[in-house]
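Contents: one structure, followed by commentary.
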Amino acid sequence: MAQIKGDRLAVTRRTALLMSATALGGMMAMGAGIRPAAAADQVLRVAHPVFDMDWSPLRGGGAHQRWTSLWWAAPMYFDADSKLHPYVFTTWEPSDDDKTWTFTIDEKAVFSDGSPITAADVKGSWELAAMPSTKNQRINQLLAGVVGYDAITGGSGTELEGVVASDDRTVVVTLTASDPIFFMRIANHLAPIVKASEARDDNGEEVTEWWAPDAGGVFSGPFKLVELDIDGGTLAFEPNENFFGPKPKLTRVEIRTVEDAVTATALIKSGEFDAHTELVTSTIIEDLGADFAAGPIIPTSQHFWMDPSKKPFDDPKVRQALILAVDRNGLIKASFPNGPHQKTDQILNSVPGVDEAFEPYPYDPEQAKQLLAESSYGGPERLPKLMMVGISSPANEAAAQFMAEQWRQNLGITAVEMKPQQDGYSGPDQANVQIFRDDVGTRVPDAVNYLWGSIYSGSSNAQNKLGGYKNDEIDALLVEASAKAADDPDRIALAQKAQRLFRDDYCFIPWYQQAMSRWAKTNVKGMEKNLDWQVFHPWNIELV
Amino acid sequence: MLRYVIRRLVLWVPTVLLVLLGVYALAFYGAGDPIKLIFLRAPGDVAYNPARIEAIREAAGLNQPFLVQFGNYVLNLVQGNFGNSLVSGRSVWRMISAAAPVSAQLGLLAILLTAVVAIPLGVLAALKQNTALDYAILGSALFLWAIPAYVAGPLLMVLLIVLLPDITVPYGWGGLFDVRIILPLLVLAFQPIALIIRQTRAAVIEVMTEDYVRTARAKGVPELAVALRHILRPVLTPVVTQLGLIMITIVNGAIFVELVFGLPGLGRLTVSALLNNDYPVILAITLIGSFLVMASNLLVDVVYPLLDPRATDARATK
Amino acid sequence: MSLAEPTTTLPGAPEPILSIRGLVKHFNVRLGAFGERGATVHALDGITFDVFEGETLSLVGESGCGKSTAGTTVLRLQTPTAGEILYGGRDLAKLSEKELRPLRADLQIVFQDPYSTLNPRMTVGEELAAPILHHGHATRKTVAKVVEQLLADVGLPARFASRYPHELSGGQRQRVVIARALGCRPRFIVCDEAISALDVSVQAQIINLLQDLQEKYGLTYLFIAHDLAVVRHISTRVAVMYLGRFAELAPSEDLFRMPLHPYTRALLSAVPEADPVVERSRKRQILEGDVPSPLDPPPGCRFHTRCPMAQEICRSAVPEWREVRPNHHVACHFAGPDPAPGLPS
Amino acid sequence: MTASAVLPQAIEPPVSLWADAWRRLARNKLAMVGLALIAVLLFVAVFGPWLTPYDFLSQNIDARNLAPSLAHPLGTDDLGRDVLSRVIYGARTATLVAIVVTVIAMVIGIVLGALAGYFGGWLDAAVMWLTDVTMSIPNLLLVVVINTSLKPRLANWMEAQYLETLNPIYRNSIWIDFILVFGSMALITWPPYARLVRAQVLSIRNRPYVTAARALGLPTWTILTRYIVPNAVGPLIVAVSAGLGTAMVLESAFSFLGVGVNPPMPSWGNMISDGLRVWQHYPHLLAAPAIVLGLATVAFSFLGDGLNDALNPRGTK
Amino acid sequence: MNAAPAHPVAAVPESAPARPPILSVDGLTVEIDGRYGAATIVDGISFHVAEGETLGVVGESGCGKSLSMMSLVGLLPNRIKVVGGSARFGGKDLIKASKRELRAIRGGEIGFVFQDPMTSLNPVMRIGEQLMEPLIYHRGMKRAEARKRAGDLLRLVGLPGAEARLDNYPHELSGGMRQRVMIAIGLACEPKLLIADEPTTALDVTIQAQIVDLVKSLKARLGMSVIWITHDLALLAGLVDRVMVLYAGTVAEDAPVDALYAEPLHPYTRGLLASIPKLTHEGDKAERLASIGGTPPEPGRRPKGCPFAPRCPARLAVCDDTMPPLLAAAGARPGHRVACHAVNGADRAIAAAEPAR
């Protein structure tokens, strides 16, 4: 018996070895045989940098948000020149006091299942986006002024009283205060119009993955989601035949996750992909050409914000010293030597009202040294450690290291810590952070709104990154300006004045104004994006 | 044997509980507020509204005291409910069950590859001890050992893209019989292969001096049969005991390999969960990780006596 | 004085230096691949004997018979399961390790393998000095002299003090081990197979050395060995062990001339003699089979499974430990004062 | 055949096992190569500041990404810093990390392992269980979680201390990095040491020379310090040598993932991770740290193997 | 008389040189690559084994007794090499034989039994498998056939329950049983010569008696020659026809068994015999054992002349620098050779050396 047993054992082992060898050999052979599928006409292949687990259009943020315009329609939208276009809404009328707005829905507007887009869908979409469970990150920008917003966003309600579907095609919005630019605020894809009856359950909460193809998702944009493998990181879109706008030129859009930027670059170079969601590498120009990353400058800018509530920035001289000690020409050279982003001296850019007369912070190491010596800390030795957060990409890191080195060389400061690749600052040490790298910008082409979101005392930027910064003069100027009509020249003048006042508070190190890169190869046409990161005419994208 | 296995399995319970409690506490007290993290990660002016964040936190059940949360977690776990991701709201179980097969297939294949490649090479090196072949094998093993997966991976991949522009780029996951598995498999197996080559070589050199090998030669058994029948089999025993170590190497290597090659497995899930402090996911992965390590240890202990008949002999305690 | 004179150890001799009463040592082991079965090794199953001042008492038997366990248990290097070890009016079996420590100087042991009984990281001098200093037989200043003297006692030159064990040959190491034991100024030394690992030509040197030292310092030996020829040469009395029990205990000459236990006779018969003529004429009694496992020793007389004269009673009743002749004890149902007729001797 | 038992007929200086092991090691060419590399590494780590041609932090924004040249033997990085100087400083980081990690892990391992081995019983069971627990947590996870949770807390505490006392000891965060990042690495690397020490203690406790020492009546303390510990050191040295290499690799892995040493402090791991992003254009930025890390790892492997052969020789009876 | 199986030992005839040698070794020299360079461990030994003869090889550890025998058949570790001499066996010179030829001889024409049956049997292989190997490789048997024969062999060596034992692992057997299995393996192909390397050293004396008895009876049945290597002179007395005493890699003395024990000529042999305590002799027990001072020299540290010279009580001046040749001792019995200047006379040594050089 043992003999037979022994035999069988031997055979099994041999067979197993043989099988595995065959398997490996087979794979090698297959590898040799396989060639990339011939690039079918008009199939756009996109590399996506993260495994987004949640592609809900109502999230209001995240990398996947960059492709919302592919499959969702917005109330209106801006193009690259900040020109407003109607979309779902064809008309928008304010009341005299700018407190009530009436919007009309395009009568052709339908979902991908052919059902009409109704006022109830608009109301439902907004309510859903405002509810905590959807975690929409930017709903404040859209609906903060709407009556009933605070209750629904605080979790205590499911309805926005301020939004009323007066009939199937008319939406009336009531605001708590007058807002002449409310129509601009909703002209984006941050809370697109979805079929509310499908997306919301009986409690008004969001149905999990209602937008997935196997859940029978219904879409409002030019494309519809036809394939979805979240875990594998792949999605595919095909034209929505019922789309009420122009007929899309692409026959298919494929999005695949490629987390590593170097790999993604190589894949794009090899022709595996045509475009990328957001590719940030320090060698992008060398790798893929200037055209790949080129794009219009959008009203978003990156700066290093100093928190005056934290030591040692409680002393303005320290702040000023640190600012004057940084050679900002070097800063942009260290981070974006070849563009596409450009150095900036002020917050405002690419909106009407950029201040031509704004006086940039000079590079003056001598004065900086003197200022530091005059400060209450008396010099570099007694400064507490400086902590920077938001140092999450190669360019950020280069800039941060450049500044740290400038401070070391010019001021003798050695204790600088930067938190790499950890974008949030919500760790227990957030109390210690004094410098925040972050962007500010505006979704509407308006200088006041731009500053309102960055230096107004109520803004998140002022509250969090500037440590509750409050300059009463600036606040007053901005409040005054915001009541002016969009095209009133005073509106701009007041904003510029506010920005100059902010300059003298020495609270930030200006860095760059952002280009809205195409992130597409030259053969991809129609990839122009607006300040809202959206390809504003997705139906125009084509491969040539 | 069954009783032994059951006794070992029972011991897992407190182990797992302790591991979970530790990780839970670290995540809870240390890593900050995941909800805030979600919001503050988004660039630009986000809707930072304390009331809203509080409401979101409450909806996720994150406003309760530590022990209550942990207790709830364990209770849910016992019912097979791993909870939902804080970031995406998806069922952790679903995420894991989508990711685990990828990692498992890759890992098992890597172990297989290791066995198929490393053991023969190790035996060969030992049999040709101190020859050029030995040095070549040992040198390659040390070389593989010295290159971290995160260096080898990108280098290999980009080299491939550069050298063979026509080939399907080995990125992503297409299943076990997809050509794209080759590169990640190789990179993942590098270190275990290096480890096992060295282990096998050392073990063979040791076994070669055993009296029973001399006996086999004295019987006139051909050298190849000596190597296969008399040397290899006893060598397998100590090599198999390295399974736990290989498992750890592979679990850790998988993180880098999956990251580099874009494989939707547990390693990638781990990194994204860690960066987002998505602790339902972190805990589930910890659970799986410790389960793997414990299971492989148990497997080794159970298989050992089957490979080595001597182990069935008395084990003296005090 | 001749150590070999039997009168010095027969009745009327001084009080025993060490009295062992019913000594039992069991080991618990776990069996099976996963340790699922517990079992007990009956290494020592109740042995009783005295050791008299100045004598050499030998323990012989096959491997696994418990003789080494007896040696280490008597010295309390292992804790006995039961029984008494009376030394100087105290029962060593009941003392704690701490209480034992001062007594240890009196009771020394020399192990079989001289390669592993010396600390490889210490020089011979350090090794020898440690117990001397600890027991206060010298001060740090005078210890070198004592070490030198000890080395001289065991026939090694003084320069060996600075050597490490691995630089020495087996015989030299065993001399060092003996010197180390001597450094404690012991009364009693257990020689646990102390010469078994040595080459034939060196064995004789060590045997001679042991005898010289016994004479010089009046030592008492418990000599554990399996080489019966050596045992006969060196012993005053001999105890034969089988499976954890004594089979026979008698003055050396008595035992070799007139073995009473069938096992002793078989053992003696199996030993070859370095003389072809004798060998050719010898009638050999070859025992069948192996020693049974101490995990499951046979009931009754432990030897009955291999005994050529086993009867029914042997299978059930444990033979009594009897003194069949003066000072000649034996545990066999059939042993009389004279060798059983018909058995080869 | 007894290869080591030398007959001391002639008057020769005594040779301790250590000297003997050293002689064996010295004959092992690979081990010597490893030792030489490690010596260079240590030298560079200790005297780094005097060896670097440039300040490792000095930037020259007009001399970015230069290829190796006479002025910059290993070129410059994306901020125009001298790569050679940074690699040399990286050796400091690597060495310090390796030593800190290994020493902490070893201390934990020795204490727990020795206690477990010597006292046995429930303590042994508990320690072994703890090693199981530790080893069954994926180590990256543990390090990252500890890093994101404990480190900021300690940083907070130190900052508070500094603001209160203005004592500069509390100011520099690099120490926190080292203590915490690498302390947490030690927390995952101690179990092998504990198991090794325990096994050693268990095995040595039953060696005849320890029994002999007990028989001589020597006190427990003497037995522990002179008989058990010196004999347990050999395998421990081997393990430590391997552990130092492993710790360097671990450091680089964590720095690669961004949880290790903070920039601008150079570490081979973060240099590799930076280099990987641009290596197609500036291969020297990847090659320099990767090769040096590889060499260091291989050096410790060589030495470890050599030590293993030298300290645990087979065939000497 | 009782029922115990008593095997009377057959009287060994005076060694009869008429029988042709099956193995003649001449000038065998073996070196080891040690830490201080090559050292000679077997230094030109010559001997022969006649058909059906049992040769005892005796010596202390390190004298090269095992190595010289293993070197004949290529069973040495890598760093030990034969550097000179010849060994004729069955018409072939084993030293010059190819690996393939040696393999055919090992286990086929020459069988082996090793010292420690515990380590010499493969612990993870069943007894049957190990026993079948020589049958399969030398006799070309099919497995079933080999298995049947393996059962027969186990019965031949007196293993109780022979067939059932085939499926046992070595650790499941006792030491004596294991050694019986080793003997069965050694005898599997009915070799002409059995080399037994200290086969009873690891065994108890009662088991040793069993094994000795077994080998003797098997030899009588199978008619092979045996080389029995041991350090135990007493053991050889009743077992072999001839004894060769090795010291430090050289043959000190080579004689028929009776001659050696009755009239040992070499001082070393004499010393050895004297240092063994006697079991049955009733002598002066209080007497000290005769002993040889010092220890055998390490390989590579052997003196230039007679290796035993430093320990020799009969040392002459010539012993220090001239190696004594192995010569038939004057006046001794036929076949009695000894390598000692004191016995043979130094001039004979020089005379013997001349024609050779």
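In this document, chain identifiers A, B, C, D and E correspond to the written order of the chains, with residue numbering beginning at 1 in each.
Following the convention adopted for this analysis, a contact is a pair of C-beta atoms (placed from the backbone, for glycine too) under 8 Å apart; a residue touches a chain by one contact, two chains touch by 3 or more.
Treat the numbers as computed from the prediction; the structure is a model and nothing was measured.
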Task: Name the chain whose C-alpha centroid is farthest from the C-alpha centroid of subunit E.
output: A
Statement: Two candidates, A-B and B-E; the one with more touching C-beta pairs is A-B
Centre-to-centre distance between subunit C and subunit B (centres being mean Cα positions), rounded to whole Å: 55
Message: Taking the mean of the CA coordinates per chain, how far is subunit D from subunit E in Å?
response: 53
Message: I'd like the Å distance between the centres of subunit B and subunit D, where a centre is the mean of that chain's Cα atoms.
response: 23
Statement: For subunit E, residue numbers touching 2 or more other chains are 295
- prompt: Of all the residues in subunit B, which ones touch at least 2 other chains?
  reply: 30-32, 154, 158, 162, 209, 313, 318
Message: Going by the contact rule already set, what residues in subunit D reach two or more other chains?
response: 5-7, 148-149, 152-153, 276, 279-280
Field: subunit B residues touching subunit D - in the complex, by the definition given at the top
entry: 11, 15, 18-19, 22-23, 26-27, 29-32, 142-143, 145-148, 150-151, 154-155, 158, 162, 198, 206, 209, 244, 248, 251-252, 255-256, 270-271, 274, 277, 282, 285-286, 289-291, 293-294, 297, 318
List of subunit D residues in touch with subunit B within their complex: 120, 129, 132-133, 135-141, 144-146, 148-150, 152-153, 249, 252-253, 256-257, 272-273, 276, 279-280, 286, 290, 293-295, 297-298, 301-302, 305, 314-315
Query: Okay, in this complex, where on subunit A does subunit D touch?
result: 261-262, 266, 281-283, 286-287, 311, 330, 333-334, 337, 381-382, 384-385, 387, 391, 394, 397-398, 400-402, 404-405, 408-409, 414-415, 417-422, 427-429, 431-432
Statement: As the complex stands, subunit C meets subunit D at residues 72, 75, 77, 97, 100-105, 107-109, 111, 113, 115-123, 130-131, 134-135, 159-160, 162-164, 166-170, 177, 180-181, 184
- request: Using the touch rule from the top, collect the residues of subunit A that touch subunit B in their complex.
  value: 17, 20-21, 23-24, 26-28, 30-31, 34-36, 50-54, 60-62, 132-133, 135-141, 144, 150, 153-156, 208-209, 230-234, 256-260, 262-263, 266-267, 269-270, 272, 300, 421-428, 430, 438-442, 453-454, 459-461, 463-464
